[in-house]
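Quick heads-up: structures coming right below.
Two complexes come next, and they have one chain in common, chain A, joined by chain B in the first and chain C in the second.
Entry: the complex of A and B
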């Protein structure tokens, strides 16, 4: 290669680097540096106002031997089990209906998308009132149809996490359905026409055409939903307060992280917890990426 | 040519981003230079946590601004729950608000870290020994660290018994008075519950407006006097704590913890469904202005019938203070504003808008006048045997953990005995690390 060409290529590269620089600088300053900083912090014991002392892996030992930590890990797992399969399935069914030729389709699409536009804290506050055992609309409705025993939705440790999961599903299905809808719309009509000629029913079409053809989008939605559920914080934090008897059975990993880092002022220990959350999310995502080869269909 | 364009845009973008990033690091307050008359123009930020006192603080800011037109003060209210998280974060990034409220839970930690400005000599030129002359000793102690004052006392609060007159009349029970003891309270609460169907007494898991009072009435203590050890294993402490818990668990007259988690006990009381509860004086402004249709009044706290030691009387008092950061950009202006707020005039302005009981002795009347028809004097009367809201330097660390442990008793997972033992070890451990 002659020098002139080489120089030209270098110049081209330089411009490319400059072009990606804004994003890269942002990413490095706001994400990558704090990430490594967090790893470093997890090996320190934090005192008041930035007094730090190195403590080796003490934070991790403390973490793995704490029952509260394992309980929050289980709570998070349980929350993912509650929200992801059901939430994604409902979204998919909804997307199919929103794709159908019904009157006022656009209005329905807008309505289902609305929860996504509302601030999660506002959503949580409204649901908290609806769940209220004495004055809430849900128990009032149950009473009116004859179920008179009061259900303590958010203060009974058996139902509290479920109640939060319902809110999370409710807020997410609109967004997921719109994503899936875009996937469904890109499926060629000819598949359905062929299926109809062969006499396949609507349900058969759904399982044998829609699901395989929408699988790349479906995979994306599942990954995103699983990540969001693993990182669940805002809804539960708003709905379950510190003195709620059900606090222990609803505390997720990120809530524990928040409590240790910002309420108990123990950022070092909090960092260790959040590293654990990172590992879990990483592993879950990795498993899904390996598993997708078996079911995701990239041919269109 | 085209490439040159691209490069320029790229450079401009990088420049813009790095500039906006560096702007983030700047503190929120800036001196706006010098005004015409030569004195410094300043815009101060004033952070508080109580919405109901915002107006009072704004009145103070306005009154000060009239005298010092160069200084404008912006009052910002942050929820109690986020207040301390935010304050610590801004302390770490060296961007504390110019003036902020300080609470005894956190005071020694901030003072110890050298974050608060020394106010010992604030009134030196006006009056010798100003603080001791005009403020109760306990309140001055609350802002004293290592012999120096790091704040000006703002107010104090005590706890009283609040009762609903209509419900008492309906049940035919005599209003509470100074002869009441724990037993009288329980009997009255029972009668109210049986006769009217309302809750007789509200006994939520609450420290300042709950079990702290009973612990000291029973002759126990959370922290010993020189703040070197906790007292959870003391007989009096266990007596007070288990008594408070039993009011909820062993009687029908109080809602259970699950109900309190959904509806704050003050909400239950103000919806006219309860006969009595313990209440802090800082709630007055809210209640008086927003719940005119409920016929409520106050009495002093009932005493313990057979305390382990002492007279059986106690109420928890606590005092807030005004503080300013030691290394703030506007220290002088902020100090001068605090000096104004700590003066007799400032205290009167604050209490007129219904803020908490002013710390400056002799200005309480302005506060009483705001609540005509209500027996608010009991809040001040009880100061005679008031006990300072217990704290140590590491209170922020153990305060919430104590509540979390006691919650286990309410859930029936642990006994008072077990939790007391746990807490003794926990709090002693925190104190040892101070």
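Entry: the complex of A and C
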């Protein structure tokens, strides 16, 4: 009896291993080995014809003493500051509005979600056209309401990153709002009823009921949005070309990584850059997890 | 009296909500409309002063003809569709089995396996890119559909996400099937997997959207124009037609068309699927 049970258990065990095998093997080949490989490569210099020579921490020294590298780190940080707080706030307000009992809610929801199903390359293209300083519709509109000085949205180093941030916010609010909406919908109605009896206004309800009750979802959205912004590549890559004078003030860490690794073919240096990106993302996420204790409310 | 004031406030709030949502909707849709309008204009029209809003000739397809001449759109569609289909199949099949094992079976190394999955989820995918690229080029597989599917063959996210779905299935159902004489594999395949349909379709939508919008990987592994995805193919136009906006917009319209059509048909699945992948993860 005992051996039979044991045998059955072993058989189950075997089935489990067969079932996880593809994912396990895949993760080892595609992720675990590459992760360590990237760390290793960051200590190597890639020469011509695939020759790699060990160079100690040279890549890191080069990186930390490069002004372009620090600029890209700052640009990325600034981009996060520009996109995350404003974007998440707009999404939250939007989610509250989408939660209201009105007709056409699904249509509104679908409209705000639309940029999510369009490739960022196409999104970047049309915004670049709208931002065009001479013929773009935004400047044309501003001229028609009397603001006649031409704004070089994406070629002026002062406005270029902001212009890209607007596109990123515009692309993401629908997605974030839908996540927040499902969080809001799970808040018990009784809280609002009690608040109404106490005479709390809509705005008070928003700050004292909605935000605390939706805070776990809000925290998740902020974490994800910060990560996505730290990894920004596609929109800015599409909108700001190498020739653009504003490239210096818009190049993000991952754009630098892409350029060094696959345009300049300097993959050892590229590995060092991507490890830096990984460290920053790790630290920012960690800080948020520590900070969440102060404001995220897990009691329901 | 108080009731009347309340009612008035209620109506005002509703008007405000419609107004804000309506204005916001215009901001969300306008870029796409502008894309369409520009795509049927001529260069001369787009640089006209004073500017004109509506196109002179709405049936002007010159820009579409130029863009289909410089980009093999048929192939781009095909590559994108194949990449998405393969990625969805891989994500669904491999993640389902692994998720079932994680949620319902006991085996040695389970915690380790789960830790690996969580760790992979935390790491930015770009950290794997250079070694992945080296593998593809060593295999001589650059410029293939396989290269584009490669990083998505297994999905840590999919495994994690489906695990939640399997955990929600009560053990009683499986026990009953076992008594009825189902073997472990049949229990998985016939009994529990159909119950995760919602989660699987959410994962499919999620996988498709991520694959479709990805730009860096296809740009790295594919240099042949005939082998690119829609996103990457579109990005090559930017150097070619720097100021020819009608052509750039026509290209953008063609690149976003398939997903928009799918979205219009499966709007509910898209939105709810994404909400599910976001909140359950």
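We adopt the following convention: the second predicted complex is superposed on the first by the 277 of 300 C-alpha atoms of A that agree within 3 Å, B and C clash if a C-alpha of one lies under 4 Å from a C-alpha of the other, contacts with A are read in each partner's own complex, and residues count from 1 in each chain.
In the analysis below, a residue touches a chain if its C-beta (ideal position, glycine included) is under 8 Å from a C-beta of that chain, and two chains touch if they have at least 3 such contacts.
If you're wondering where the values come from, they're calculated on a predicted model, not measured in any experiment.
**Q** Applying the document's definition of touch, where does A:245 land relative to chain B and chain C: first, second, both, or neither?
**A** First partner only.
**Q** With both complexes superposed on chain A, which partner does A:262 reach: first (chain B), second (chain C), both or neither?
**A** both
**Q** Give one of first, second, both or neither to describe whether A:290 is in contact with chain B, with chain C, with both, or with none.
**A** neither
**Q** For A:13, decide between first (touching chain B), second (touching chain C), both and neither.
**A** A:13 sits against chain C, while chain B stays out of touch.
**Q** Please indicate which partner A:123 is in contact with in the superposed arrangement: first for chain B, second for chain C, both, or neither.
**A** second
**Q** Kindly classify A:137 by the partners it touches after superposition: chain B alone (first), chain C alone (second), both, or neither?
**A** Only chain C is touched by A:137; chain B is not.
**Q** Spot which of chain B and chain C makes contact with more residues of chain A, would you?
**A** Of chain B and chain C, more residues of chain A lie in contact with C.
**Q** For A:154, using the defined touch cut-off, is the partner it touches chain B, chain C, both, or neither? Pick first, second, both or neither.
**A** A:154 sits against chain B, while chain C stays out of touch.
**Q** Check the residue A:181 against both partner chains and state whether it touches chain B (first), chain C (second), both, or neither.
**A** After superposing on A, A:181 lies in contact with chain C but is clear of chain B.
**Q** In the superposed arrangement, does A:145 touch chain B (first), chain C (second), both or neither?
**A** So A:145 meets neither chain B nor chain C here.
**Q** Going by the contact definition given at the top, which residues of chain A touch chain B in one complex and chain C in the other?
**A** After superposing on chain A, chain A residues 15, 18-19, 22, 26, 29, 132, 134-135, 241, 262 contact both chain B and chain C.
**Q** Over in the complex, which chain A residues touch chain B? Could you list them?
**A** Touch residues, chain A against chain B: 15, 18-19, 21-22, 25-26, 29, 48-50, 128, 132-135, 152, 154-156, 240-247, 262-266.
**Q** Hey, which residues of chain B end up touching chain A in the complex?
**A** Residue positions touching the partner: 3, 6-7, 10-11, 13-14, 17-18, 21, 85, 88, 91-92, 109, 112-113, 115, 204-205, 257-263, 396-397, 400-401, 403-404, 407, 410-411.
**Q** Which stretch or stretches of chain A touch chain C in the complex?
**A** Per the stated touch rule, the residues are 9, 11-13, 15-20, 22-24, 26-27, 29-35, 37-38, 41, 94, 97-98, 100, 102, 106, 108-123, 125-127, 129-130, 132, 134-135, 137, 140, 170, 174-175, 178-179, 181-183, 202, 217, 220-221, 224, 227, 230-231, 233-234, 237-238, 241, 254, 257-258, 261-262, 267, 270-271, 274-275, 277-278, 281-282, 285.
**Q** Where on chain C does chain A make contact in their complex?
**A** Against chain A, chain C makes touches at 13-14, 17-18, 20-21, 24-25, 27-29, 31-32, 34-35, 38, 46-47, 51, 93-95, 97-98, 100-102, 105-108, 110, 113, 116-117, 120, 122-124, 126-133, 135, 150-151, 153-156, 159, 184-185, 188, 209, 212-213, 215-216, 219-220, 230-232, 234-235, 237-239, 245, 248-249, 251-253, 255-256, 259-260, 262-263, 267-268, 270-271, 274-275, 278-279.
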